[in-house]
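In what follows, chain A forms one complex with chain B and a second complex with chain C.
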Partner chain A sequence: MASGELTSGAYIKHHLQNLTYGKFPDGHWGFAESALEAKEMGFMAFHVDTLGFSFILGALFLFFFARAAKRASIDAPSGFQNFVESIIDFIDENVRGSFSGKNPMVAPLALTTFIWIVLMNTMDLVPVDWLPSLAVVLGIDFLKVVPTTDPNATFGMSIGIFILILYYSIKEKGLGGFVGELTLHPFGKWMLPFNFFLEGVNLLAKPVSLALRLFGNMYAGEMIFILIALLPFWIQWSLSLPWAIFHILIVLLQAFIFMTLVIVYMDMAHQKEH
Partner chain B sequence: MEQSILFLAGSILMGLGALGAAVGIGILGARFIEGAARQPELIPMLRTQMFIVMGLVDAVPMIAVGISMYILFAVAG
Partner chain C sequence: MNINLTLIGQTIMFAMFVLFCMKFVWPPLVEAMAARKKAIEDGLKAAELGKEEHALAQKNAEDLIESTKTQAAEIIANADKQANVMIDKAKGTASEEADKIKAHAKSELDQEVVKARNELKNQVSTLVMQGVNSVLEKEVDSKAHKDMLSKLSQSL
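This part shows the complex of A and B:
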């Protein structure tokens, strides 16, 4: 925000406010002008920046990987082709290591989650003021650049994974097998409600922990970048550079963990009879 | 009054989260080095697994740091 007097609290809140398009209480649709208006929209609101950035990054990923696949050659592999191949080998190795079932969809799923999350997290390394101040110049009041610092994005992904877990559990084990696993597992059939409670919590914890872990890490990282940006201009590099270097580790690690857990959960969904 | 409680809440949040993760990651690192010393040929595998668990352990205090920073600087500050 380019206005003169500005408290640090207002600066932070401005940076954490999504560009929201939604339904106002009086019924018409439009962009929220302030955090309060965005809150009043309640459920009927889209975070345009989250959706936009994640879609753009997803499209970039698909475009470049598809191009590498189409132009792949054995005789003269380009540098980018080698890079893509090394990523695919890495994913393949991980899936082979922890997925024992038979499903051709798991490896592409792991690749998509990994690269997409890496790309979305990498937006965190863009200096926090660049894109929002560019947006202010273009007349957009709020812009939150990193999609994974929005719980809506991470929960969107993890609920997608959750639906896949349910789908493959029922497909592989049958409805009876799945219900049996949920109700008969630790203590036999006489403790059915207790078993169901335990296994239900276990099942529901998967998407929640996936989403909150990614969101929390990225949110904390973004928060620290914003706090560093509050410092005087000439000293910022001394803190933001080490934090950015450390953050590269978190960016890759969180994407890797998300991917590994997706593979492990899919493996659990495919396992018949303990 | 309310503000000082918020500051206290933020610092306790950060400190206790860090405490738990410090113990956890300490044990994790110790075991990793132990395993690596016993079977050096397993180091690549152990390292991958260690990083996975480290990411899992690390997540909770990082979330606590993020939330407490938000409390300290945006809500209370």
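This part shows the complex of A and C:
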């Protein structure tokens, strides 16, 4: 809600600023009062809102799914149990379709990425001013509600995926096999540096593209919601409603793409023959 | 939009979530679903088997009923035959008995007739003898004509 003194630019910037807790240049730790202060903290800072919301959402997901798992029995499922099982079926089908190796970790990994990202993205559908305004009332200056509009969150996930890619590539192919795959393709050993450059870019592009794709989509969506919120309140619904409806598709689609790519990358890491 | 320690925090959080999911969420759900799938498959198979058994039992029952029916019909036919035989036999015995009784009666009657005739004959011959005696008292020697008279009475 842009109050009288606030300009549009300030409003947008306010909405795009994370609640940052970090080490000030003078050495003491505390919450940043402005975007500039947050920037000065550099790497030694936490986005409390991103961490908090993503943790709450992930914990919610695991709590409900673990409860469903505990109650799972051979009898006919009902209600939420049914919903959970249809998701499990959906993930299982995707993993079976794309992942040819044998690894009990891939399906839970896919499930976690999918549901967690769906939940984090869904925060985008909460009207942009509700939670930040509530936070201001509670004395918190900045609050960015959607964790996936923070590159820290998306890169955090993709780095996890990258570590898994490296781990399983070396485990399944052996260190020699993995290095060979990086250096001896596609042009044979006489073009080794060129091969390494190509394959290195290929390898690094996986986590970067994963993170940036999700971040870019969600950030752009959020930005449009913020821009719509700048309009007079009586006309906002005419744009925010269609955009929100369209955004539901993006929310699910981005989560699905992320999950599918994770499965595919895991499959590539497990493949012995290149 | 600064990259900072949040990155590492998110990575650790992600790893923990995945581990939790892998330990407590995925396996029990998948196991329960697989078990249910198996139970349903078994149930369907059992139902199919039961259906076949039912059809077989029905067929057996029908066969049994059919054979019982024919048996019953045979028994009834046999009983009929036997009854007829018995009736015929009874009829035969009865008529035999009747014949016997008839023959007996007839012979008795014949004897009575013969007896009566003989008596009549004797009486007639005595009467004749008396008549003749009274008529021919003097001329006929009763002793001489007695043979002739008895012959006469015999031929009557």
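To be clear about the criterion, the second predicted complex is superposed on the first by the 267 of 274 C-alpha atoms of A that agree within 3 Å, B and C clash if a C-alpha of one lies under 4 Å from a C-alpha of the other, contacts with A are read in each partner's own complex, and residues count from 1 in each chain.
To be clear about the criterion, contacts are C-beta pairs under 8 Å (C-beta built on N, C-alpha and C of every residue); 3 or more make two chains touch, one makes a residue touch a chain.
Only a predicted model underlies this, so the values are computations on that prediction, with no experimental measurement involved.
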Based on the superposition on chain A, does the combination of chain B and chain C result in a clash or a fit? fit
In the superposed arrangement, does A:V84 touch chain B (first), chain C (second), both or neither? second
Please work out whether A:W234 is in contact with chain B alone, chain C alone, both, or neither, and reply first, second, both or neither. neither
Check whether A:F65 is in contact with chain B, with chain C, with both or with neither, and answer first, second, both or neither. second
Go through the superposed model and pick first if A:M157 touches only chain B, second if only chain C, both, or neither. second
May I ask you to decide whether A:S8 touches chain B, chain C, both, or neither, giving the answer as first, second, both or neither? first
Looking at A:M105 after the superposition, I want to know if it touches chain B, chain C, both of them or none. Which is it: first, second, both, neither? second
Partner, of chain C and chain B, that touches more residues belonging to chain A: C
Considering only touches as defined above, state whether A:L16 meets chain B (first), chain C (second), both or neither. both
Touching partner for A:F43 - first (chain B), second (chain C), both, neither: second
Closest Cα approach between chain B and chain C after superposing, in Å? 12
Chain B/chain C common contact set on chain A: 16
In the complex, chain A touches chain C at residues 16, 18, 20, 22, 38-39, 41-47, 50-51, 54-55, 58, 61-62, 65-66, 68-70, 72-75, 84-85, 88-89, 92, 104-105, 107-109, 111-112, 116, 147, 150-153, 155-157, 159-160
Mind pulling up the chain C residues that touch chain A in the complex? 1-11, 13-15, 17-18, 20-22, 24-33, 35-36, 39
Spell out the residues on chain B that touch chain A in their complex, using ranges where they run on. 51-52, 54-56, 58-60, 62-63, 65-67, 69-70, 73-75, 77
Can you name the residues of chain A that touch chain B in the complex? 7-9, 12-13, 16, 212-213, 216-217, 219-224, 227, 230, 250, 253-254, 256-257, 260
